[in-house]
Each structure stands twice: as structure tokens, then as C-alpha cells.
């Protein structure tokens, strides 16, 4: 399988100037590859470095060393660790989305618009984007009376659905998704799983963090187990 | 294998700023060296000249939104005011891809050319609507001013464009002929935004636009700005001391302290993985 | 022995001393060279108060010689108190001829009107200007108006015309309509009615504008283009006297004064007194009439 992402010798630690220059290690010598259309499940205990790794790929965290070669469809091979910010902005807009556990949106923008915005960013007409967004959140089981409400007032599960919808509506080439099914009921969980599988059919590569055995079993082609910021040997997984 | 970490050449910068400097008073040869965050001061110990900003370097790419954050007196407004020619620079270079193919330093062109660039190719929204609007004119007249400066001398088309813009920014079109002084603060800000985007400029500067507005009005103005970003693909430089505003609006952020850039990066990186001690302090005080 | 003749007159010829007259004429030459540009000048003391036509007198007296024929009008009238007094003063100081007849005059000083009669290249017209700065109404700082002129930045004036149109449905400027001279400077035509504005364009005569209190001289040289500011769809218009005839001469084609006789009735009389006299004599002078463009909608 052609690798879309090659992670090589990635180290990350946090140097906290305001905590008497304390250094908090997060990742140590991480190496792995993600193939085209492959779904990788990142597992490990809380604090094992799963989210840190995902954020390093998204460049929300700056890796201290190592490289992450990403094969872009538009710009060739890019090292996500050292690429210019302008390049990363492009990649994020056009190819890579990140779905965090927490929803961060502008207050007073309706649910449909929040989701449609992600599509509109890629040059889709607003009306068409809204139509698609409505279809998607309908599928995710968000009650219709909430479509025009503001997501900042939603419950955890409702916000989660908006978050997932926003990340997948644009058919990204690379999806980083953190606990997509955490606060959802079984039925919605399966919808999310189906949606991710459909994306994979279209060639999306996925890195997934989940504590949910069912989600992991249904989605992941391969598991990467982290402990103390290091990848454990596959035999242990 | 060759790795490309920069955008290809056809994705060129829109605005390129190098060494932008503004000094008040008489500087000496070491004024710039003796001020800055490492001295926690922007006053030259030799001459007492004040370095409002110095060594400001950045590129803005089309469609990007750049945030400038910092506390009062860090020089963040000084930077955009120089770019909009409200303030004369003490030094540096500014190149703009829409003017002379980006070959000419904007700080060195004639006042007439600066006015042309300002009116045709740039927009500015000030914190205080009185700075951006002429309160003795109607709100339509304020928009007309920008259109007239760009060579529109047809009252019918001016009014048509003004009403489209006001509609776009959710100002009741029926109030087009009323003076902005009769408007609420949020609505004044919307009129100011309408005026700033009247000529479809490729770049828009926003200086603390939501500061001093009610929280609910603030949310609406932020929403409007976000929509403009999406619909017009306009590049922006957003100045704010409010990290929440920066987080919602910008792709990249520069952190200023004592007139210098202490850190710059992707906005989520600045907020979640700040590298510089000052940024860590700033982010840790975020509510 | 000192020659007695030198002391016959209490003042220098034409009141102003020769050095100052030369200075004023130099400033006039500069004004001719840069049409519409306001040239600062010395504005010496005169025996009348500033604001009563000192600027006009400076210009007239600097130019005049014994062979000149001087005419002065105030709001079109040769016989108003102000015009009479200034005429007497000029006559005493210069011993030149004075006249009411526009055709005979070589120097015409005027306040708030241009003669109905078309001027020739043998004539100079001097306007008394109360406020030379056309931008004063939209910009209160002098240093800013100078920058605006220097950079030809007249957007604010345009916006004030736009505002006027929005408020009143027309560009309501009774007097002092903003005009562009030779495609460059914006200029105040002094408080002449709109009726007179088109007649400034491509005039045969030198047109000097002088503001004594504000110490500025400017000029529209002969055959110079004057364009009143107008929008593409809202055009400059002169006053309309449709269906109105002069109560004295029964003439319709001239700028009219509206005279109220009592509360209920009014009549119209031609404003330019010499023009009216000539009509009565039956020697109608040449006139240049401006046709208003058709209104939109």
C-alpha cells in the first residue's frame, strides 16, 4: 500500500517557561506509516501521547525533531514538521481535517452554517453547502429543530455530531479524528462508523483515537498502541 | 526525494513586510539593539526614543487571516496603521502583489499613489467608528466616499452598491440616509465594515473591531467578519488583545511584545503549544 | 528745492504704493500661470474694512492706469451703496474714467455676479471673494485643505454633493458652486449664482478672484475650461426662470431678482442693471445662455 504519511523519529516535549523551565516529555522516537485509505487506531491510556501525536501531525503542536512526510495530492511530498505555515494552512483547507473532542465555534452561527462553512471553505456555493450540511446532520440524527440553533448551546452529544459532520463533510484526503463516538448512543455511533467507512471507500486515510472497543473493531485496519509517548511493539497490541 | 515545504511559485504572497519600524523621538545607532522584549522596554536608554515597533517581518498569503496579538502598547496597532498609511514609517519595506507586481516598496511611493492603494486596494476598520466614518455624512455618504475615491461618479450606481453592502452587513437599508451618529455601536461598526469592503479590496485591516461592544453584539460582528472571509476570500490582518477573537478569526498569529514579534505560528499552535515564555504567560491567562 | 508736484496727491497713484502693486501683479501672474490655484498675497491695509471688497480693490488698483475705464457692480447693480462708494474711491485715486456700460469698461469689479453681457479679450473682471477655500465647508483645517488640493483629493466635496442630492433631490448650492479649473484645481467661483458659472468657462476676459481678508488671489485665465462638479446621472443645472418675464422689460432670458411687493404678490426684475438699461435702449448686448440638460426619470 502506498504510504500517505511517513512519521520518522518524531520527538515532542513541552518546555514550560512559566513552570520554572520544566520540560514535560510527550512523544519519544515515534515511527509509523499510514497507507492510502488505511484506518489506523491509536490506542493507549490517558496521557500516553495519542492526542499529542495527532496534534503534531496537524501542526497544532510543533514536533521538536523528526519528520512527517505527507504525500499531498496538490503539492507533492511535504514534511509536516518543517513546512511553511502558509503550506500547512493550504493543506488544512484542502486536504486534512482534524476533529477534536471539543467543539470550538463562533457563537451565534447556526448548526447548519457551522457545518456548511467547512465545505464553503473549499469553494462550494453556500446554498449547496447548506443543503449537504443539512443532509449530513440529519443522517447523524440531529433533531431538525436544532439545525438553526447555535451549537454552543448544545449538549455534549449534539456538539459531537456537529464536530464530526464538520470534519467529514468535505471528503478530506486525511482525517484526524479524536474520540468521534464518545458521547453518542449506539445508533449514532454506527452512523458515524458508517460515514467514516464510506470516506475510506473514497480513499481517505484516517487516524482514529477511541476508547470504544466496538468503534475500534469496526473501523481500524491496524492498531498503534502508545504508552509513555512511545509506540509499543506490535506484538503487544 | 525532493520535499517542498513552501507553496509553489504561483501561490505567491499578497503582502510582504520586512523590517517595518516606527520610532518616536530621536533614535541613536543602538536604539533598536537596546530595546525589545529582552529588555522589557521599548524606550531607548541612550536617547529616550520610543520604539513603537521594529524588525517586523511577515508574509501574508491570499485568503489568509493573520492575527496580531499583544498587550496595550505592544505596537500591534502601529503595525497596521503603517500598512494603511495612517502613520508614517521610520523604516522598512512593504510589498503588495496588487501594486506594481509587488516590486515597489509601498513606503516609498508618492502620497497620491498611497491614497490610490488605500482606496482601491485596501480596507480598514478601526476600533472607534469615528476614525473610520465621517459622522457628518450619512452612512450611505460614507460608503459613497470610498466609491467616489475609486472613480464612481454615478449616484444611482453608488446608491445601489451602498444598499447591497449595507444589506450584506445587516444594516437596515432604510437607514442608509441617516447619519451614523444616530446608530448603535454595533451598527456603526457594520457601516464601517461596509465602507471598508466597498471596493472589494484584496486586503482588509481590522484594529480591535469588537473591543468595547456588548458580548452579544460582538458575536454578531465576529460572525459577519467570518462570513466575509468565506464569501469574499478576502485576506485580513486582525489586531486584537483578545485571544478569543484571534482564535475564532485567524489562521496565523504573531505575538508582539515591546514592539517586536516574540513568536509567530499557526493560531491553534500558538494557543495550544506556545514556545515563547511570554506567549505561555499570555495563553495561560486566557479565560 | 523739492518739487511741489510730488505732493499734490495725499497718496500714491491708485492708493497702493508701487512696490506693493508690483507684488500683487506678480502674484496675479502666478495665478494666471496656475489656473485655480490660490496664491497668497500681501493684502495691504485699505481705507475700508476687510470683507467689504478690499481684495477686489487690491486687484483693480494694482492693474488700473489713467487710460482705463472702470466699472463696478454689486449683485449686478451699478448703483448700490457699496458699488457707488468704491467707484468714487477708485475715481479719486486714479483719475480714470468710470462707466455703467459693460461694453465700455476695461476693468470690471464685481461682487456676486458675472455680467450678463459676454466679455471681450480687452476686458478684465475682478471678483470680490469672501471665502476662497471651496473645501472649507467639508474640511475645517487649512493645512488639510492644502494637502487635498495638492493631491487633487476632492472626494469629500463630491460626498457633500451626494449628500445634498440625497437630502433634497437636487444639488442645492445657491451660490459658490464647486468648479474644476482646467481639469485640475477645485475652485470657488465666489458666491455667484449657478446661472453665471458656465459663463466662466472659455471666457475671453481674464477673470481674477481676490479675497482681501483671506489674502488669496486666484485666476481663471481666458479660454480656460471650467467644469462644475456633476455626477454622471445628476447634472449641474442653472436656475430656471421658466415662464417668468422681467416686470420692466418683459424679457425672459436673464438672471432675475425676485421682489416681494407685499405679502401676496411678487415680481421679477432683471438683476444686471446695465443689461436692463441696454434692453430698454434697444441695444441688446451679446449673451451666452446655458441650456439645462433634461432631468432623469
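Side notes on the structure shown:
Going by the order they are written in, the chains are A, B and C; count residues from 1 in each one.
Please note the rule applied: a contact is a pair of C-beta atoms (placed from the backbone, for glycine too) under 8 Å apart; a residue touches a chain by one contact, two chains touch by 3 or more.
Just so it is clear, the structure is predicted and the values come from calculations on it, not from any experiment.
Inter-chain contacts peak for the pair A-B, counting C-beta pairs in contact. Compared with subunit A, the chain whose C-alpha mean position is the greatest distance off is C. Of all chains displayed, B has the C-alpha centre closest to the centre of the whole protein C-alpha set.
Per-chain Cα centroids separate subunit A from subunit C by 77 Å. Between the Cα centres of subunit A and subunit B there is a gap of 32 Å.
Between the CA-based centres of subunit B and subunit C the separation comes to 48 Å, rounded to the whole angstrom.
By the touch rule above, subunit B contacts subunit C in their complex via residues 111-112, 115, 134, 137-138, 140-142, 144-145, 148-149, 153-156, 158-159, 177. Subunit A meets subunit B in the complex at residues 14-18, 55, 58-62, 69, 75-79, 82-90, 104, 106-109, 117, 120-121, 126. Taken in their complex, subunit C has these residues touching subunit B: 147, 151-153, 155-156, 158-160, 162-163, 165-167, 231-234.
Those residues of subunit B lying in contact with subunit A across their complex are 1-8, 11, 13, 59, 61, 64, 216, 219-220, 222-223, 226, 230-231, 247-248, 251-252, 264-266, 268-269, 272-273, 275-277, 280-281, 284.
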